[in-house]
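These are the structures in question, set out in turn.
What follows is a pair of complexes built around chain A, which joins chain B in one and chain C in the other.
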Partner chain A sequence: MIQDSEKIIIHGDPEIADLIPGYLENRRKDIIKMRGALDRNDYETIGYLGHSMRGSGEGYGFKGISAIGLELEQAAKTGNAEGISRRINELEDYIGRIEIIYK
Partner chain B sequence: MPMKLSITNKVNVGFGLSLLLLLFVSVVSYRSIMKLVENSLMETHTYKIIAGLEDIISSVKDIETGSRGYIITGDTNYLEPYYAASAVIDEKVRTAARLTADNPKSQKMLYNLELMIHADKAFQAQLVELRRSKGYEVAKDAVKTDIEMYLMQEIRRLVHAMKNEEYALLKQRSGNVAASARNTIYVIILGSALAFTIVGIAIIIINRDIGERNKAEELIRQAKAAADAANRAKSEFLANMSHEIRTPMNAIIGMAEILSEIHLTERQKEYLDIFRRAGDNLLTLIDDILDLSKVEAGRLELEEMDFDLNETIEKVVKMLSFKAHEKGLELSYHISPDVPTLLSGDPNRLRQILVNLIGNAIKFADKGKVFVTVNRDKSAVSGQEKNQVDLQFSINDTGIGISSDKLNIIFDSFSQAHSSTSRIYGGTGLGLAITKRLVELMGGKMWVESRVGEGSTFYFTARFGIPVKTVERPASPFVKKTEVSLPEEQKPLNILLADDSEDNRLIVEFYLKQSTHKVESVENGVEAVNKFKTGQYDLVLMDMQMPVTDGYTATREIRRWEAETGKNPTPIIALTAYALKEEVKKSLDAGCNAHIAKPIKKATLLDAISQYARGVKV
Partner chain C sequence: MGETDRLKILIAEDDNDLLALYDISFSDLIFEKRLVRDGKAAVEVYKNWHPDIIVLDIIMPVKTGCLVLEEIREVFGDKDTTIIFSTSIDDMDVVSHCARFGIQGYIVKPFNYKMVAYEILEFFKKTDPKKANMAQIRLQNASRQHLP
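So, the complex of A and B:
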């Protein structure tokens, strides 16, 4: 429903600019890991990854990642597979749309 | 139950019956004992009568023996017992008469006995007189008549009959008493047994009742638990649904925004406006439901962070002052000087409460002013720990007021004082319900004083922490980050970082690389403890949620090892993803010196490190 061309503008901290591509790359890996875990009903892994994202996202300037991480953590706790699937898609969508401006 | 009696009544009936029975047993026993006593007295009485009769016989014999001796010898000495016995015998007969007064049969016999005795006495007196006047021979001949023998026989027969009569009476009485005593024993045994049985039955019935009652209570408890669970499930469902609704709603509103930027006809604009307003209203409603259901499902957790109260209130007032001025209202606030400025709690939820209450005040006031005050709540000292403060907020308006009969329902979900209110003033009717629950979550209470036409004052109290141990986070880290540089004199530190998340390790390492400090990282609690034991560290940054061994366990282990080896405690700063009060307390309890909530900001991190690096070893 939301156009792919819509960008999410993030004002990044230039100090950690070098770390950000790696951080986002790790999230892409997380997405793959979580999809695999979801197929295996491995909610523990999803909860753990969600928890880590929740703790790290905002530190890197990505409030959205923290928020999705929290949702993932909670959905994993209740074993809400559909919710997890949605959140993973959201995360993928979010990462795909962010544009970071350093100033 | 055959009769619908309450347990109390059953106890009363059971024990009452038993008491009555015991009373009956007591009365019967008493009467029986009294009879025994009476009988024993009667026995004495009988023996007295018998003794009296024996005495009479003995006197008769004395009279006869005396007269006989005198007749034979002529010696007047023999007359002495004769006179003595003659003198007392009448009295003895009278005594016997008195003792047998209750027995007509005895009385009759005694009357005959008395006649015989008088006759005997008269006859003996005649003999004595004959001896004295006519001499031995005449007297002797007189004795030879059968009169004396007849009299004596009659006297003996009467006395014997009377004695028999008394013995028979005694026997009859004793028989009665024995029977009565036997009956008494039966009554006592039966009565007691019956009383015990009644009490026993009462106890069984009462126990069964109590059992039934417990069963009923258990059923009620189960029903309540089921109802609570259902309510929670409902709230969970609402929370989830609301969330699911939000996503498409955001898209709808977003599309409306985009549409509004395109050139539209007046009519289209008008429709779009309605479209957007409806969307906004729906979103507000969903937000409210989400909040309320989160609170009800127990899923709403308050954050615990340090914040500036002045700043929080100022922001809210600034935000709402536009709306107030639009309506020509004056909006101002006052914070009492004894209220600490720096607090620890959930500023966002406090803001939500204030926005709701002040927003309401503005909504319902058409003229005059809205005034917000903050004071220390001096009434609430109980349960307050040191480092805590209770504050009372009041929001006073000069609006339409609330009538007294509506005062207690306005805090209920989906209720406004008048159903017409929502049409005039808008709103979901959930705001106050949420606000009240938020206030309760903050350990406070909420109430309202109001008069129709004069306005309302909403009060609420809330408990906040006063930050002591937690490292203060600068109000705006991006502004202050240039100011937070390491003091010149600060020596480079050896820092141990334990965090399972690579991303967190990277960012912390990155920040510390820019300083003079050296940092070594480990991925879990076990490694942290091992590394700590073998290295020389000035400070530890410990993530609390780690796999294998978490930060709490690792911290306790480090503290234990330090104590065993007699080392000074090294500062340990806890890192957690939660800024919840319990998490902070838990980490401090485990032995950490301070606490930083993630996300980790550079300024906060360096601030904390410099604070604990000044050689201040706790």
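So, the complex of A and C:
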């Protein structure tokens, strides 16, 4: 159970409320894909997914996803496996703590 | 541009989540849309549908946005259709390189889905200011109707 103090409150846009659960679900799938890619040293896939997240996160109201996406993209360019692993964990933590308030 | 005339916009973007945002960004009242996920499909739609505006992601599977732009401008000889790149800020060198074939502008991702249609219409003014102004007015009217 996540404590209130650990939650990340996001003020979601009601006009895209229908899209947001699917968006976050896709990021959970990305986490699985990136962990698999990291096991294979497939930095191209990680860079591509990071690039996509960077381009979409803030548009959906999640600046944190865009920021982590950028860091994943940069870590993938240099083949920084430790950095990638850390960012994937950060992404998982971020998504797990989000609470969206629509108004 | 009459009340029933809509601007034809083709959007090529390989990210489904961004395509979904584009879809709600461009009101069906003002735009007739075609959304595709790669450059090859973009060229096919272009050939058969003749859009007024094309928005191209640069990095796409099968055929990049740059190659689509080059094909439209050089192979088909179309210098008139409004073409706009959708790009991340660190793709600027690529934008500059490709822009030699002729683009009307670019938008930077992540974009604000509520503003992107206005940005696109600003670029479209370079090609057809009358149609672009008419569409902007209709877009503003449609936005006001959504206000509480």
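Operating definition for what follows: the second predicted complex is superposed on the first by the 98 of 103 C-alpha atoms of A that agree within 3 Å, B and C clash if a C-alpha of one lies under 4 Å from a C-alpha of the other, contacts with A are read in each partner's own complex, and residues count from 1 in each chain.
Throughout what follows, a contact is a pair of C-beta atoms (placed from the backbone, for glycine too) under 8 Å apart; a residue touches a chain by one contact, two chains touch by 3 or more.
In this text the structure is predicted, and so the values were computed from the model without any measurement.
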Winner by number of chain A residues touched, once chain B and chain C are compared: B
Contacts on chain A seen with chain B and repeated with chain C across the two complexes: 15-16, 19, 22-23, 26, 51-52, 54-60, 66
Residues of chain A that touch chain C when the two form their complex: 15-16, 19, 22-23, 26, 51-52, 54-60, 66
Contact footprint of chain A on chain C as seen in their complex: 15-18, 20-21, 24, 59, 88, 109-113
For the chain A and chain B complex, residues of the former touching the latter: 1-2, 13, 15-16, 18-19, 22-23, 26, 48, 51-52, 54-60, 66, 80, 83
List of chain B residues in touch with chain A within their complex: 240, 248, 251, 254-255, 478, 500-504, 506-507, 510, 514, 543, 545, 547, 577, 598-602
